[in-house]
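Next come two complexes, and both contain chain A; in the first it sits with chain B, in the second with chain C.
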Partner chain A sequence: MRKSRSQFRLALSHLKRSRASMISLFILLVLYAAAIFTDFIVPYAYDDEERLFSYAPPSRVHFFDDAGKLRPPFIYAKTIELDEYRRRVYREDKEKIYPLKFFAKREKYKFLFLFGFDRCLLGVDKPARIYLWGADSRGRDIFSRLIYGSRISLTIGLIGVSISFLIGLIIGGISGFYGGGLDNFLMRLTEMVMMIPTFYLMLSLRAAFPPGLSSAHVYLMVVFILSFVGWPGLARVIRGMSLSLREREYVLAAKTLGVSDIKIILRHILPHCSSYAIINAALAIPAYILGETALSLLGLGIQDPMPSWGNMLSEAMNIVQIRFYPWVLLPGLFIFAVVMAFNLLADGLRDALDPLFKK
Partner chain B sequence: MIDMSENLLQLKEVKKYFPIKKGLFYKTVANVKAVDGVDLSIGQRQTLGLVGESGCGKTTLSRIILRLIKEDSGSIYFNGRNLCAANKKELRQIRKGLQVVFQDPFNSLDPKFRVREILKEALYALEKYETSEFEDRAVGLLDQVGLGRDAIDRFPYEFSGGERQRIAIARAISTNPKMLILDEAVSSLDVLIQKQILDLLLKLKDELQISCLFISHNLNVLKNFSDRIAVMYLGKMAEVAPALRIFSEDNLKNVHPYTEALILSGVRRKVSLKGEPESLLNIPSGCRFHTRCPYRKDVCRKREPALELKKNGHFIACHFR
Partner chain C sequence: MLRFSLRQNNKDSNLSRLFPALIFFLAFFCGFRPGFSADTKYGGELILAATSDPRSFNPILAKETSTTSITQIIFEGLTRTNGLTLAVEPALALSWSVDKSGLVWDFKLRRDVVWFDGERFSADDVIFTFNKLIYNDDIPNSARDIFSIEGQPVKVQKIDEFHVRFILPKKFAPFLRAMSTEILPKHILESSVENGKFNFTWGADSKPSEIIGTGPFMLSQYIPGERIVLRRNPDYYRRDKNGNNLPYMEKIIFIILGNQDTALLKFLDGEIDYYSLRGTDYPLLKPKEKERDFTIYNTGPAFGSNFIVFNQNSGLNPRSNKPYINANKLGWFKDVNFRKAIAHSIDKEMIIQILMNGFGIAQDSAMSPSAGFFYNPDVEAYDYDLDKARDILDESGYKDIDGDGLLEDENGKDIEFSLYTSAQDNQRIQMAAIISNDLSRIGIKVNFLPLEFNNLVQRLTSTFDWDAMIIGLTGGIEPHFGRNVWASSGRLHMWNPEQLSPQTSWERRIDEIFDLAVQELDEKNRKSLYDEWQVIVSKELPLIYTVLSDSMFAVRNKFGNLKLSSFGGAFHNLEEIYIKN
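Showing the complex of A and B:
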């Protein structure tokens, strides 16, 4: 006998056949892994600054020295001169060679918040500094800050979406299942939230919080703001779905069996909205990432020195910076890649989950 | 009528209007009179076949009995208890005795549930079971409806329509009901499967000693199944009679004209009725059937006939029959 396969497994095997979504999934997994193992991957702490190296360009990794001899990978030390506009010009000092070191020493940190550790994947000895992707205005390593920033920018999407989907599913499910006056009340409430333009709602919610919060508080606040703005759209759709699902005969059969309302909603209504919810969640995550970016870009979100992709981008608001130090735009590239990946993944998920409805 | 205490189910003057609301203030502009004053009774271990065109209120009536829709007025007694006055807790207990099999087996089983989970939900709704006890009970139920033990781990989509209907029946009898409502339970199946399911239902009816309310738009399906037949037309009973009286050929002139037309259409003679049934929104004055009745007279247009006992437990709502 053929083995029975659940819808989930069918969908998964379908998803595996979509190349774009598998690549997206891979990119996202790599980024999320980086976010988890940040401390080990990066050579410097996010607030480790060296003003001397303001806007230092990405360090070139060499394999051959000046004499043309093959060596293990290394970088040269940098010397600084000023040009006629008094801008810094970095030159490589061919005398001083700093080999790249695996498991190099760095500042002490708590690995995975568990135990102290002071090694990182790749680094160089002091006093040289390795800037894989260049430095920002204060000489902080952009690579390190980007990876640190991913902790905030990537988790804010997931947590925000889970919270707002929880609200949306509960309100939509109840509203559609019971209908009548309760439905009317909840839906008008939802529309009131939807009515306010999202961005101004975010700004005014931000204004409700006092300035000078700790970075953890700010993080929670941004999550709260984004999920508060995000739930109404989903609630409306779930409401519509459960309105039609409650007339399904298996729901009626469950009612005649005496199954309680809450169990019917949890077992028969919401699981049938799950395909839609999953697709929608994958599509919504980019909106949360962009929302955080927008708030932080304006200086209303995550505060310096704590990095997030949004507040790192605020350095790239000036045309001069982009002209001379294009690497400050890197966070933008990452935002683009993540948003793109989530959208492609959502696309693949939709195709994977859809055929089940047609069956 | 028959004595109340003997009847398992007793409906009195049950009405359900669905208001049509329009405008800003939801003013009621019209009523869909889906069930417009229905009296009905079903005795212990008896089967009543309820027949009528689509849209005549059969399903609404069944859902009112199942307490899925609340009636506007009237009373329903089941097993001596008033369903309309029961609170939520009492209702859960009463529901054990009153189960349903729906028309579309593709819709009545949750596609995300395995058969095990479907039966689990039914059995655990009111009682607790040990795991092994549950397995035995579930396999027993599947056996009763003619499905093998291996069905338990499969999903509904892996079964044919007939098999699904068997699962739905297994679910319905899992609570040891006193009464089954079969809402067009075989209408969506093809003829051979229909026969199998009807045989199964007949067998179960005898074994478990349950009464049935069998709703169908097809008189022939009800022929071998029912003790009595009730004919519904536009939200009201046109006729309630012992099955034998309806299905005896020579009795054609002693039944309601609408029933006559239904029987004639079943034996493939010429189409005997013209026109569509009137809308429940706009029920004709006088006799509801007069717009399509071949025997209509002036009085039919003016006065509505009551459902009267003619003879031998045969009730007809007609001035001339």
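Showing the complex of A and C:
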């Protein structure tokens, strides 16, 4: 126990030295925290739409009123009209000011799925609506939807990776430890899964599921699809590692002492693969996030009105939207940031954990 | 012009007889002399975008628009529909007459039509096209369905070289419109029909010079995935008012672009001359009209339709012996009040605003307003009123008894169904999302699911496992051609297809209307029949219509003689269009 902690400390101090990794870690922690406290942070529910405010631009937060007097931050309500080119023109209605309110009232929700609550971090009184990052085609708040979407986009990677790593570790471990015919069979199976182009495999798995699923089911299904696509690569590497590990003295010692095979695999072989597995997991998460994005972008993943970064981005598939309402691209920015952060973090982790790099 | 006469000279060398040479000289003088006066109209090219590659160049086998948009330029029928007035006008036929019984139609053919290879067009080609191609059971084609009147073929007889007689088994009102079916050359295709190879003739891999038609332009080059080039047919028979040979333009080029956004960018860059725009493109294009030298035309509501349809199929799945949909759902879907409540929950106004930037109309009738004569505006309309929808549901026994926010039917089952639409069509996905949201407000749970288009069509036409769909149909000006949808025995009678006998009284009446109207040669009586049909549809709501977008075209300013219409689009009169200097 003691040794492992010091090893952990060692790795952590090593990781701390890499600035890029620490920044990435910080970004990820902030985003995951936002995902946990979503309901409290966002001013509106993800399906709260106001069709009249289609593509409303981000609300401007004012500090000075028309008379030039300094006030606590506030916004104006907006009115919309179409100009001669049928562009949506939003004007601020300066008649009345709507101060930003902390702990403002919003629709009732279950805080952390535990108890009912109806306050949020920041909001304004009705009928004005605060769009921190603009609105989508049906006047839903992009900020709220992004944070709600992070619940899906951020967890799908973690859960997907855990499942596929579980499969990969077990199959790789067994295959390498026993060798022979079983190894042959399992490895040919993995190759068969690897042979199919990933994206088409995802599409055909998606088609195999029955229609009319609830959004929770669709979410689980997407996780399953992504994990099913993700495990073979890892299984191959783990198999190679356990193939060499099983010849080590301590494994032979355990064998002679009569320890059961399963125990040897779980206690002596797989822990030695763990640093590789952790690095690999951090590198693999972005692939899951992108996989969900691709499915949802094609309308085959998470379904509207549930937001995910992928299906939100599908609104930005048209140049007209990007030209006039660039804020619909925000989910893309978030995907980019998260993918980048995971990659940099994995880089740092590799330096920290890989014994070969240690001086 | 010079090139024009040179081509004729080359061809002359192939013809050894004196007579054709004489004809050539006549043609030469007729065509050439007045040509000087309007010399400036000739030449130039039109560059269009095609959405995908044509599958073949065979108009009889063609099913998809990527093929027909090319073949309709290369080939012609005996008649054609004027793209602007929607009237039937002669094409390869000069004139026609019908006897008192309305069954015997005599067509007089033009004598001045030649195929691209110089062979003369005659009655033999017409007889061949009907008897050897359309009525050939080995050749799958959609024209056979149209020309099988109550299952019987039309008799086609040759009277002399330029006269053809059609004898119908029964009266058939849209006969003249149907006669726009393309005529193919006997001298080219006869051998392939005899060898049984017709179904592989004129595929997409054929040499361009092998595709022989009579139209204003002929195929000159096809590079798969890249472009299709059509060249002017110098022997085309139509003349302008001054007797000049048509067409004016030298080339039509289709650039194959998969994506509408690519087409939009290419149009703005000046690489293509035409772009069919969506309402949402308007704010991007309109301000650039002057700078980029083009004009946006809005010709009013488009043809076609968008609607919600509910599965009312009470049949059993022959494989599993279970009903296609469960009895509860079937009960709601068959309830006209349920469908009326849905119709009141469609926020047509905002759908038009959001998805079409205001360029569209709420559709109430089964025909598009652009269809003109047969369109009936006096049908039941359903405004967006969620309270009214709630009241209708409440009165019909759908109430929320257990207080979970969802309505239940009399058996206590929650009202919940799946709604499918095409995953490729962003506009329909958005429409479905808006409608689902409103339905959830009145206590109906909708599981909305976009599917791949072929999967959607398969469910609709063969497996029948679906609850509700948002889908569309192409439309036209002749209601009878929608018979496969409206007749209770029709394959596309989506809500309850291929019934052995009509299961409801209103479906029976629609069957009657279609059977009566097709035999009614008096246009006024026909119209009143089809008016009644549109009223029945709006009252019974087998299809709940949503919104119809405007047809809008952006065309570069260099073209003369443009006569745009929703029916024909921007270039239906291709041969008359010229390029201004």
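Assume the second predicted complex is superposed on the first by the 348 of 359 C-alpha atoms of A that agree within 3 Å, B and C clash if a C-alpha of one lies under 4 Å from a C-alpha of the other, contacts with A are read in each partner's own complex, and residues count from 1 in each chain.
Heads up, the rule we're going with is that a residue touches a chain if its C-beta (ideal position, glycine included) is under 8 Å from a C-beta of that chain, and two chains touch if they have at least 3 such contacts.
Computed from a predicted model, the values in this text were never measured in an experiment.
Visitor: Figure out whether A:Ile262 sits in contact with chain B (first) or chain C (second), or with both, or with neither.
Guide: neither
Visitor: Looking at the overlay, what does A:Pro271 touch: chain B (first), chain C (second), both, or neither?
Guide: Only chain B is touched by A:Pro271; chain C is not.
Visitor: Once chain A of both complexes is superposed, is A:Ala253 in touch with chain B (first), chain C (second), both, or neither?
Guide: first
Visitor: For A:Asp47, select first, second, both or neither according to whether it touches chain B, chain C, the two together, or no partner.
Guide: second
Visitor: Output check: A:Ala33 vs chain B and chain C. Expected answer is one of first, second, both, neither. What do you get?
Guide: Neither partner.
Visitor: Using the touch definition from the top, say if A:Leu333 reaches chain B (first), chain C (second), both or neither.
Guide: Touch status of A:Leu333: no partner.
Visitor: Does chain C touch more residues of chain A than chain B does, or is it the other way round?
Guide: Touching more residues of chain A than the other partner does is C.
Visitor: Spell out the residues on chain A that touch chain B in their complex, using ranges where they run on.
Guide: 1, 4, 6-7, 248-250, 252-259, 267-268, 271-272, 359
Visitor: Using the touch rule from the top, collect the residues of chain B that touch chain A in their complex.
Guide: That would be residues 63, 66-68, 91-93, 95-96, 98-100, 102-104, 107-112, 114, 121-122, 125-126, 150, 153-155, 157-158, 168, 171-172, 175 of chain B.
Visitor: In the complex formed with chain C, which residues of chain A make contact?
Guide: Touching chain C from chain A are residues 47, 49, 51-52, 54, 82, 84-87, 137-138, 207, 211-214, 298-300, 303-305, 314, 317-321, 323-324.
Visitor: Please give the residue numbers of chain C that touch chain A in the complex, ascending.
Guide: Residue positions touching the partner: 261, 264-265, 279-284, 286-287, 347, 350, 353-355, 357-359, 418, 420, 423, 426, 429-430, 433-434, 436-437, 447-452, 455, 467.
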